[in-house]
Structures are given as C-alpha cells and as structure tokens.
Amino acid sequence: MRPCEKIIYEIRPPYFIITLNSAQNYNALSYDDYLYLTSVLEVSNNNEDCCFTVLQSTGSFFSSGADFNSVPIESSNDESHTERKKKWLENFLCKNQYITNAFINHDKILVACLNGPVVGLSAAIVFLCDLVYCNNINNIYFYFPFTKLGLSCEGSVSVTLPMKLSRNQSYQKLLFSEQIMGKEVLNTVINKDFKLSKDATVDTFNAMVLEELSQNTKNVYLPSCLNMKKLLKTQALVNSLNLANSMEVHGALPFWINGEPQRRFKVLREEKMKVSRKSRL
Amino acid sequence: MRPCEKIIYEIRPPYFIITLNSAQNYNALSYDDYLYLTSVLEVSNNNEDCCFTVLQSTGSFFSSGADFNSVPIESSNDESHTERKKKWLENFLCKNQYITNAFINHDKILVACLNGPVVGLSAAIVFLCDLVYCNNINNIYFYFPFTKLGLSCEGSVSVTLPMKLSRNQSYQKLLFSEQIMGKEVLNTVINKDFKLSKDATVDTFNAMVLEELSQNTKNVYLPSCLNMKKLLKTQALVNSLNLANSMEVHGALPFWINGEPQRRFKVLREEKMKVSRKSRL
Amino acid sequence: MRPCEKIIYEIRPPYFIITLNSAQNYNALSYDDYLYLTSVLEVSNNNEDCCFTVLQSTGSFFSSGADFNSVPIESSNDESHTERKKKWLENFLCKNQYITNAFINHDKILVACLNGPVVGLSAAIVFLCDLVYCNNINNIYFYFPFTKLGLSCEGSVSVTLPMKLSRNQSYQKLLFSEQIMGKEVLNTVINKDFKLSKDATVDTFNAMVLEELSQNTKNVYLPSCLNMKKLLKTQALVNSLNLANSMEVHGALPFWINGEPQRRFKVLREEKMKVSRKSRL
Amino acid sequence: MRPCEKIIYEIRPPYFIITLNSAQNYNALSYDDYLYLTSVLEVSNNNEDCCFTVLQSTGSFFSSGADFNSVPIESSNDESHTERKKKWLENFLCKNQYITNAFINHDKILVACLNGPVVGLSAAIVFLCDLVYCNNINNIYFYFPFTKLGLSCEGSVSVTLPMKLSRNQSYQKLLFSEQIMGKEVLNTVINKDFKLSKDATVDTFNAMVLEELSQNTKNVYLPSCLNMKKLLKTQALVNSLNLANSMEVHGALPFWINGEPQRRFKVLREEKMKVSRKSRL
Amino acid sequence: MRPCEKIIYEIRPPYFIITLNSAQNYNALSYDDYLYLTSVLEVSNNNEDCCFTVLQSTGSFFSSGADFNSVPIESSNDESHTERKKKWLENFLCKNQYITNAFINHDKILVACLNGPVVGLSAAIVFLCDLVYCNNINNIYFYFPFTKLGLSCEGSVSVTLPMKLSRNQSYQKLLFSEQIMGKEVLNTVINKDFKLSKDATVDTFNAMVLEELSQNTKNVYLPSCLNMKKLLKTQALVNSLNLANSMEVHGALPFWINGEPQRRFKVLREEKMKVSRKSRL
Amino acid sequence: MRPCEKIIYEIRPPYFIITLNSAQNYNALSYDDYLYLTSVLEVSNNNEDCCFTVLQSTGSFFSSGADFNSVPIESSNDESHTERKKKWLENFLCKNQYITNAFINHDKILVACLNGPVVGLSAAIVFLCDLVYCNNINNIYFYFPFTKLGLSCEGSVSVTLPMKLSRNQSYQKLLFSEQIMGKEVLNTVINKDFKLSKDATVDTFNAMVLEELSQNTKNVYLPSCLNMKKLLKTQALVNSLNLANSMEVHGALPFWINGEPQRRFKVLREEKMKVSRKSRL
C-alpha cells in the first residue's frame, strides 16, 4: 500500500484505525480516495490481529461526501448514447457500487467516530457501520441530497434508511432531501453521544472512543466478537444490500447519461464560486 | 371513468388528488366503492404528469372502513358448503385481495391526509401509504377490530403492523382489537402532525398538506422521486405483502363459510339500530 | 408426562400455564429442564382448548439461564478432536438448537410474565414470546453474556435482538455483554408494565396478568386469535430464525471443542465459591 | 358434502379416490365443478385414514379443461371499467386462484391417473400432482392454449412448466400454444406408462394404478410417506407457486376487462357450432 | 443511435432483428461493441410494436466472445494496488456486469439463431435467451474457457448452466473448460435443430427462423406473449441472476488485479501469432 | 488427528484423498465414523494446497450407509417422553444434521469415485458431491429406504433428489423406497462412466479417476476452480439445503421417540441373523 495524505491508517491491535485527514475540504473524497479506502479495508480484513476497523476523521465534518471536482466535466455534444453510457459506467456506476460493496462485505466490526456532519456516499457508509459514536449529537446530521442533485439513492441507503428510520420517515428524508438530525437516529444509528463541549478537540474525542472500546472489551473473548459479526451479517441482509446497491446505481445511470446531475452540479459550483468571490470582496 | 359521488378526484400535476366524499356515513366504503378507488389509482398510475397520489377525506373520520350494509345477508340454510364457498370467494376474498394489491403495487408516491380516525381495510390502506400527514394527532386512531368481528387480518396488516409498531405491540393490538393511538405511530406511520386547532376545517388541512408538498419539492428533480419509490418498494417487500395478503384472505374464508363474521355483524347492526331508535326518542 | 418439581403446569382453558418453580436457584435450568419444558409445550400445542401458553415464574428472577452445573466437566486431555466434537454435539449443540426450535415453532400465543431479570437462553426464549408483561420495569433486565463466556449467540438472538433493539444497539449489547434494561425494550419486547410496588408478591402479579388476558379476550373470537398467530409467524420469519439458530450453535461448536467456555465457566464457579465461602465467614 | 354427478369420490383408506365422471363432454369442468372439487379435497385432507388423494377420470379425455359455457356472455357496452373489473374478479380471478391454491396446499400425496389428454386449468392441476400414471403415453398430451385464447398462464404453470420441461421449451410451448406430448415429459411428469392396448378400458387402467400403489406401499410406514410430502412441499416452493398463481390471474384480468378472451371464445363456439351443424347434415 | 458496422439492426414488427456482422473475425466483440448492443436492446425495449428481439449472426461462428485486442495491455509495474483496482473496475467489472444485466432485464422475448459455435460472454448471453434455434446441431458448441484464462464465471453462467445442464455437469464443464456440445443441451437450450445441410447459407437459416416464428404466432394474441415473458421472468430468477452476476465479476477482480488473465491472454496471443506466421510461410 | 482404520486419508496436492476402508462390512459407517469423516473434511478445508477432496472406497459397495449396530438398543419402558427425546437428540438428530452440514458447507471440490452401490446417509452425501465418477454404471444404484425403516429423509435428500431426478420421480423413489439405478442419474449425478470390466480392481478405478483429474486440470488455473465452487455453492442453495436438513431430522425425531425405526431395525437384524445362520448350515 502506498501512503496517501488524505486517508491515513494505523494498526493498534485489536484496532485498525483509519483517519480521514483532509479537514480543509471537509473531508470531501474523490472516487480515487474512496477506492484507496477500500484497499485499506482489505488490509484490515487480512490482518488477523485486528477485530475492529475504526473510522475516524478530522476537522468539523466527518466527511462532506463525494468531491464535486472529481465529477468529469460534460464534454462535447458529439458523444453518442453508447459513449455517454460507457463514460458513466466507468466514472460513476462501477466505483460507487464497488465502494459500497466493500463496506457491506467487510468482516471486522466497523466503528464510526462522528466528529461532525456527514453527507452523501460517506453518510451511506456510516449507515453501514456496526457501532457509531459521536462527540456531541447536536453537531451531527446526515444528509442525502440525491433528489436535489438529480440522482438516485447510493450506498444501499434504500435498504439501510428504512431499517434505521422507519419507512415513512425515509420517504420524507429522501424525497425532499431533508437532513436527518443526530437525535432522530439516536440508538438506531448512534450508539452513544459523548456530549463533549465545543472546546474538546477531535483528537480528544477519537481517543475517548478508543478508550471506551478498550474498557468494553476488557473481559471479552475477541473470537466471540468476530463470530457475532458473522451472525449479525446474515446472508439475507448482505443479499438485500447488494441488490439494492445494484438497483440504485443502475437506476441512476440514465440520469447521468441524460445529464441532469451534471447540470445541477454545475449550478452548485457556480453558486459556490459566486459566494467565494463575494466573500473575498 | 364514470363519475361517482362518494369518491372524487382531481388532477393537479404533479398531484393526483383523490377525495373520500361521504362524510355523512363517516366515509364507510362498500366493496364497489373500493373497486372504483382502484380504478382511480390506475388513472393516476397512467398519468405521466403525476408523481404523487394524494388521498384526502372529508368530515370527522378519514374512513370508517368497509360498509356493514355491503356485506350480503346470510340466506337460507340450504346452501351447500361449495355454494357458500363460492359466495364468499366472490363477495369477500377476491375483492379484498384485489384492493390491497392495487395499493401494494401502486407506482406513484402515496400520500394520506388524515383528518380523523380510520378503521379496518381503510386503515390497512393508510399503513400502505408512503407519507402520512394528520391535522391533529390527538384526533387520530387506527382500529383493526378483526378478532371482535370473527375475522382475520386484512390489507396485509400482518406484515405492515409489525414493521411499524414492533411485533409484540402488533400482537397486543390485533389479538385484543385494541385501538392504535396516533401518538403510538408518530414517525413510523405519521410523518407530520399539523397540530391544527379544532376550529380548522378539513379543507384547510388538505390545502396545507398540498402547500407543504409544494414547498418540499421546490428544488427537487421529480424523476428522482419516482425512482426512490421504485427502490424503496423492493421486490422482497412487495412479495411479502402479496403473500400476506393472500394468506390473510384465505385464512378468513373458512370463518365466512362458517358464518361467524355474519353473526357478529348482525349483532352490531342490531345494537346500532337500538341506539339510533333510542336516540330518536 | 411425568411430574417435575422445577417446572409445573396447569390447564385452565384457554390458558395453558407453565410455572418455573425453582426460586432458590433463581430458576437456573439444566438442559434436562429445558427439554422437559419443550415436552410441556407439546402438550399445550396438542390441547385444542388452549389458545395461550403462559410462562410464569417464581422468586426474584424469571430465570438465570442455563445451570452452570449441567455443563460437563472437562475430562482428560486424551480426547481426540472427534471425541470432543461428539461430546459437545451431544451436550450442547443438539439441545440448544432443539429447545430454541420448540419456541420458534410453537402454535399457541406465547405469553411471558416477567417477575424479574432473565439471562442467557431463557432471555432468548422471552425474546421469542408474543406478549410480555412485567411486574415492574425497573426490576427487569435481559442479559446475554456470550462474549464474556467465550460463546456465540444462542436462541436465535442474532435475529430477534436486531428486530427489537435496532442493529447498532444489538452490536453494542452483544459484543460487550451489556445488560439490556427493561426500559430500553418497552413496547418492542415488553407490552405492559404493571408498575407493582415491591410488596406485591409474584403470585399477585401472575394472577393480574391472567385477569388482564381474560378482560382483553372477552368479546374476542378465539379462532381468529390463533389465525393471527399463524399469519404473524410468517414462514420467512420462521426460516430466518431457524437458520440463525443453526448458524449460532454451529458457530459456537469450535469454541466448545477448543475449551474456551469451559475455562471461563470454571473461573466463574471458583469466583462464586470464594464469594460463598467468604459470606459464610 | 352434497353429491354431484360430474365428480364422485370414494374413500378406500389409505386411498381417497376422486373420479371425473362426465365422459360425454370430455370432462370439461365449470368453475362450480372445480370449486366442488376443492371441497372434496378438503374432505380428503381432513380424513386421517387417507394418505393418497387419487384423481381418476372416465372416457377418452382426462379433462378438456374449463367449460366454455361457464364463461359469462359479454353483455351491454354500458358497463363501466369498474363494473367489468368486478365481473371478472368474481367470475374468473378469485375462482381460478382459489382452485389452484387448493392443489398447491393439499397435504396428501396427489396421484393423477391419466386416461387421455388434458387441457388448460385441468392440465395445470396435473402438473401440480406428485405422482402421475398413464394408460398409454401415446394417447397423452397436455395443452395450454392460453396465447390463442387471449389469456395468460393459469394454475401456476409459469412455475411448474419450467421445472418439468426446461425454461426454453416452456417458452416454446406457452408462446405458441403448442401441445406437450406425453413422451416429452416422461419421468418429469409421468412416473410410469402402463402401455395398455387400445382395448383396455379406463376402469381396468384405474384399477391397475390402485393395485400398483398397493404393491408399492406394502412394507412402507405410511406416516413416513406423509412426512415426505411435507418435506418435498417446501415452503419456498409453495410460496413461489402462490406468487406465480397471483401474478398470473392478475396479469390476465386486464385481458378479460378488455374483452379479448371473450371475443376468441365466441369465435371458437361459432366454429364449433358450424362443425356440429355440418356433421349433422 | 449512430450506425455501427459490426452490429446492425432492422425493425420488422413484431420482430426487432439484430445481426452480428463481423464474420471475418468470427464476430469477436469488444466491450464497446457489447455496450452498443445494449443500446440496441433499449431501442427494442422501447418499441411498442416489437414483441421479439431476434439475435442473428453471420459467417461460421455465432460469436467468438470478447475480443482479445480490447483487453488493455499491462503497463508499468509502478501501478499501485488501488490504481490497478481502478483500471479493472473501469475496463472489466462495470462493463461485463452491465452487459449481462441488460440481457437479464430485457422485456421482449429473446431469440437466438445459432449459425455456429459461441464462446465466453456471448455464449453466456445465448444462455439468457428464451428461444434458441440452430442451423445444424452438429456445428454447435458452447465454450466457457474461464479456468484456462485465469478468470471466473461471467454472464451469470454460474446460475444458468446448472439450470440447463445439471449441477454436476456444470462443474465438469466449468472446472475443466470443456466444450458443451449442442446435443448436450438440445431442449434445455436449443429449442429446434433446423438440420440444414452444409450448403445452406446463414441467410437461408436466418430467414427460415423468421418464417417459423411467423407461422407459430399466426393465431396468437401478442400481448399474451409479452405477459408470458413477464411471468416466466420471475423476480426470484432475476434476483438470483443479478446476484450471481455481481458475485462473478467481483470474484474475478482480484485475478485481474493480480495479473493472471493478462499473462494467459498474452501467451494465447503469442501462440496465435506464431501460428499465423507459420501459416504464412 | 488420530488414525482410524476404517477411514484413511492421504494428501497429494491438489488432491486430498479419503478412502473408506472397511470392505468387509460394505463400508457401513457408525455415527462415530461419520464424525471422524467430518474431522477429516476440516483438515482438507484448512489445507491451502488442496483443491479437490476425493472420496474413494474399497470392496463391492461404496458404502452401505449407517451401521445397524451403532443404533442404540431400545431399553426399558420406564423412559419418560423427555428421556427418550434426549436420547434421540443425542444419538440421532445432532449427528445426522452435523454430518450433512459438513458436506453442504465444504469449500473444496467434492469428488466421489463410485465403485459400487451406496445406501442411506452415504448416498445422500454422494448427492452432495460436485463430481461423481463410477467404474461401471451397471453396478451402481442409490438406495434411500427411509419409508421402509419408519424414518424420514436424511442428508438433505428432500432437496437434492428433486434437483437431480425431477420432483415426480423423487416422490416415486422416496415414497416407495425404490432403488435409483445409476443410468437414471447419468449426467445429473454421474459425470462419467468409466465402463470398466468386472476384472478391473477398485484400485485401478481409483487410480484412473485421479489420472483423469490430472489430465483435466493440466492448463487450468486452480484458484479459478475454487472460485467456481464458491459461485456454484450459492447462499440460496446452502440455505435451502440447511433448512431441509433441519426439517428432515426434526421430522424424524417423533418417529424415533415413538419407536418405529427401532422396531423395524430389530426385524431386519433378526432376518439377517436367520439368513446368516442358514448360510452357515
């Protein structure tokens, strides 16, 4: 594995600790970053001494999701239907699906340490984690703005959301691109709120989670824990997540081919630039 | 489609608005009414401009369920087992199952605007809706008096109730024909309580829901919404609802053949008549 | 059926009442006791007059789970791998699985009357019941100390826990062998808290539950109730419970063959003896 | 059970023998007849002494399927969409589905004694039988002329045909309404060809099958046989047959509402009348 | 749709006829060609007048599968694990899976006219067709040389092969990369052998199949046919094919990352060049 | 692993060769032997160099199934229902189920070399193998005399038999305890008949199979082969086999408790003794 500055990892058995390390852009991740993340997951999976894969972050956001700038710019109108299909198969479908799959199939216990909000595909990944801790629940929201971006679900959210938020609330949140506040998913997503004050650093929070895990596993037989994961990750669940994942990306493909998400991304970028230009004045 | 006074509809894209318009009998519906409703659903399904099918009502009840008077009177004792079977296949099984199926398979986003309590098959239908709003949650209850009527579940309630109310509470409510109060299913069934005062009319409430939907869908790409419905309506869910529906009506058939529901309906009608006679005095 | 002092039953149609009657050892049950319990369940299943199978207990615990003393003492190191496999197939796997199956497949409505905490396999059984009442929710906890004992899940808990406590909370409770407090599963497990004072006897509580059931079923058609059970006990649910049950015991077998649970049980027994010796001084 | 001339039955434990007794019209059956048949199946199911339900016939056809004359004549054009829907729900959907269900769910071992060809819903029923014997395989064909009649599959044939004839051959037979010759399904449908000469009467054949069954079950423990049926009738199979059955009839309903099958039946009746008029001249 | 020389199509309702038109290279197809083919399938799906999508070919092979030359040349050893993963996600996984999906989900009746052998992904596609005709069964073989190429299954063959050839024969054919002769799958894959002599041209054969289809559908109600496809394409089948497809490509990805297929392709290309060089001498 | 004379194994990568070595009693196996066999399977599973687990035998039978003499003698009539249940849980249910599970879940490619007939649980195991070769198909039969022994299915035969022999033939064979001749399952069970003459020894045959495997895997990438097994052993198949296995043994338990199999085994033993006494005279 080659080092990467935006995502770093450390092996402290039984913990395999992955840190999103790009606070300056709110841990927005390009598809290349996400793919690197899946390679790191493989390292954890193959490490016999590790039982927990812990996802930590830095700065004010856990992750703001897929990086706008990694979405290819819409080129000439000359592209045929098949060429556009090929483009989005390569640049969207295969990567989105593969990344989600890597989290669905991971064998170690997945722990997320939420230091702040989380958006899009990254939020979907947190919904696939087994244990989720947060520094202060009032800081936390999950945001799936798919309908506003002319997209479809991602990250098997069409299965995980109804499991954690009831079916009707899921319709509300997904159809209207409404934020899900931390408190709405206390217990179903968030296992514990550390209720830290604003002064507490992210490093403190991350350290506290690891300390908590250490306390909790003191008299515990770790092979029993890995077996628990195996039992709770039933094949029926894995299959329904895989199918949803496949349905989701295939459902979104025609939107990409038709160009709706690109048009909406372009508007967002322009708005952002206007804002940043103004703020510079 | 021929007009019908008890159920009216209006097309205001992207909304297809259906109104139960029989306040005087608490929107009790005969099987003929329910079947007309399924025909209206088809019109919505085939209308490309519509994305939401909105169910509204009038008066103090959303719907008091199946109309007693549409249940055939038990005739002579001469009927053979096969004749009685045929009678209840025609008058109960096929219609009950078909109506439920129409809601299970509907492609547009189903919205229910609860202006008051809802009973029986109508309540089952509300449990199949994707978004449910109410004028004031204290007015709302759901009532499935199947065990009191000598019946079995209807409307795939044996699947939807455990999904929305936990399995053990479902046993409690179904076995003992207990009302489910609005508050018990806030979030899992009811998306939002408009908390209207008693003075607010049903028309006001219905208008407010439509206004809310308009606000919520302002920047939203509607094809993404229809795709969400497609994803959340997983084939696994549809199959389990269909199987439950089939199991339910086939389970109830022997009760109808044996005459228990009819005996209990008769008692209820007589009690009602006594009450109305008394109240006239 | 031969009488047994630790588990007694009484037939009071429509109730089939089973009482755990070993208050002095907190209703710890040996595998022989559990198997006797399954034979009693069969009697209830075959009794046409009974509609409800009611599980009651005595003393301060509903049941403290499997009796330590019924676990075979680890013998000589001479045993081959196959001999040890055989031993634990006979003494653990087959019985654990059979007992769980008996509750999964039971046809009558299963009612548990919780007079106090419940542990291990007994707690798993309560999670398989359809209606659960408690004397005072502050007295109640459920405890699945599988990871502390070097075991795996039992009693299909890997399916029932996520259904009743959310998936993430289930990981927390199972991985770290944390107690589940009564209040955490009010509604999803516990249908009603009778809020009795400390002075109220267990007999009073048990009588009150039966009185409540009588009130609730007054105008109810009992065959409708049995049909409800049939519908809610969907084949999909039964299959997933059966598969989980099988996966659980097969997953635990290597731990038994390897000796981890025995080592941990031994430590617990020795600690217990020290405690009791001290308390005698 | 009231006697019926077209379908008679006899109880000769462990055999419950049902005979189609309407040789003059090739054992064409009205929906009333098929419903009577389901009532007879119930009698067998409830008879503890019976282990085999044996379907026999008379004359040259086992059964020519649904009787043309039991299909309602298309009335005035005044009927609304909803009225036509109601009409075909009552006259087609509910009965077709119920009859198929009765055979899918039957608990005894279903034996068919084929004395000749079998058509439509009756052929579908034979495909749901467990053991099928024929007098002479050269006399036998199965005919599902659904596409020629403007219909869809019936009797769960969309599942049973691919199981017994391969998926591609099923397309061929169903799409093009091609007869399936006995030899094509020797072993997969037909267990044994008695290879009787043309002189052998149907009574002789029927007696020979019963004698064969007697020989085969001589040293057999009959409760083991009923258990075999329970095991081979897996819930997965029953569910897929039920779902197919429901899909099939719901898929055909629009054709009935639209009138295609009626138009085609009318043409067939007129052709038949022309033929019979000619043959009288 | 832009024209493409290697794959042409013609609309002759109810037939949508696609012809593989690259006889000189045995109709080897690049991923670009296969993707163009999926776009053509969409055109057929959206054409309301078409009921059958007919796949024809030219020359001596139906299709020799994926074109060697479209597989990227292995570049520098500098590529990181993540870069190689990305490369094969884009160049193999996403396209292979998408192409298979397009055939699995196609709504029209898929007809293949086999004029000769068919290999690899193209053979997998023929196994997904509903009706398969061949000019002369002695010319036909199917070849899945996945184990010889260091690959895994493709095209959902891990599900379709056991359905059509028995599970044990599938192991034999797949493990040992053995050809499947036409006669081995007569009936289960091949619906009819036209038994043409060697002199008969492919054009003659293709015309005969269309003539046969015309004859077979003469009195048939075409909407019934499309409904048949809907029924036989059960959701359970589609799901299992989709899951298999996903499992297959994900299973092969590590082989591509590790470089085994590339090494074996390279050897094959070199052998081919040697042969062609020799044959030129 | 301790050595065992009746079952020996040898590691010749990529082959793990297991030989049933008890020709004198026709390779009848006690439950202890079968359990030893599962331990040997584990050794193969954990051996990274092995890709094929090859089951060979000796003498004239591949295996005559479970050894009569390992079935416990029915003791006093004093045993309570629960005691008898316990006895058969330990001596029948848990072992039968565990052994079957071991073959269902095995990761290497299972090869059976049939030198002669195979009966009961051993025959069920052969039906779970991936590749089956025989010395001469005329010598081979499979025999499942469950109904004659007062038993139920074993070894997931209720799923594997319909997969390999059609559903109706399975009923015939299972209900009437009829032998299945080798020719009836050529291709679906038996991959290749070596057509050896009577003079050829079993050793020759076993050597020829290994030679054949060597030839067949010459240019094959072995990791691709193991991946094939993974793909063909779909989770859906494994689940249905596991469920069947569980249903089968639980269905048979009441027969064992009731004593029917024991009575029939006793008769068989006595008949055998009479025969052997006669033959000694």
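Read from first to last, the chains carry the letters A, B, C, D, E and F; within each, the first residue is number 1.
Rule of thumb we're sticking to: contacts are C-beta pairs under 8 Å (C-beta built on N, C-alpha and C of every residue); 3 or more make two chains touch, one makes a residue touch a chain.
It should be emphasised that the depicted structure is a prediction, and the values quoted were computed from it without experimental measurement.
K.L.:
If you apply the touch rule, which chains end up adjacent to both chain A and chain C?
P.N.:
Looking at chain C and chain A together, the chains touching each of them are B, F.
K.L.:
Can you tell me the least number of steps between chain B and chain F, where a step is a move to a chain it touches?
P.N.:
2
K.L.:
Where among B-D, D-E or C-D does the A-C interface show up again, with more than half of the contact pairs the same?
P.N.:
Repeat of the A-C interface: D-E.
K.L.:
What angle, rounded to the nearest 5°, describes the rotation that places the Cα atoms of chain A on chain D?
P.N.:
180
K.L.:
Of the other chains, whose C-alpha centre is the longest way from the centre of chain C?
P.N.:
Relative to chain C, the chain whose C-alpha centre sits farthest away is E.
K.L.:
When the centre of a chain is set as the mean of its C-alpha atoms, what distance in Å lies between chain A and chain B?
P.N.:
Once rounded, the distance between the two centres reads 38 Å.
K.L.:
Let me have the rounded angstrom distance from the C-alpha centre of chain A over to the C-alpha centre of chain F, please.
P.N.:
Distance between chain centres, rounded to whole Å: 48 Å.
K.L.:
How far is the middle of chain C from the middle of chain F, if each middle is the mean of its Cα atoms, in Å?
P.N.:
Chain C and chain F have C-alpha centres separated by 36 Å.
K.L.:
Residues touching two or more other chains, restricted to chain F: which are they?
P.N.:
Expected reply: 239, 243.
K.L.:
Any two chains that touch count here, so list every such pair.
P.N.:
A-B, A-C, A-E, A-F, B-C, B-D, B-E, C-D, C-F, D-E, D-F, E-F
K.L.:
Quick one: which bits of chain D touch chain B in the complex? Just the residue numbers, please.
P.N.:
For chain D paired with chain B, touching residues are 1-2, 32, 35-36, 38-39, 80-82, 85-86, 89-90, 93-95, 97-98, 101, 239, 242-243, 246, 250.
K.L.:
Quick check on the complex: what are the chain F residues that touch chain A?
P.N.:
Within the complex, chain F touches chain A at residues 235, 239.
K.L.:
Which residues, counting only chain A, touch chain C once they are in their complex?
P.N.:
Listed in rising order, the residues of chain A that touch chain C are 109, 129-132, 163-164, 187-192, 216-217, 219-221, 223-225, 227-232, 234, 236.
K.L.:
Chain C touches which residues of chain B in the complex?
P.N.:
146-153, 158-159, 162, 166-172, 174-178, 240, 243-244, 247-248, 251-252, 255, 260, 264
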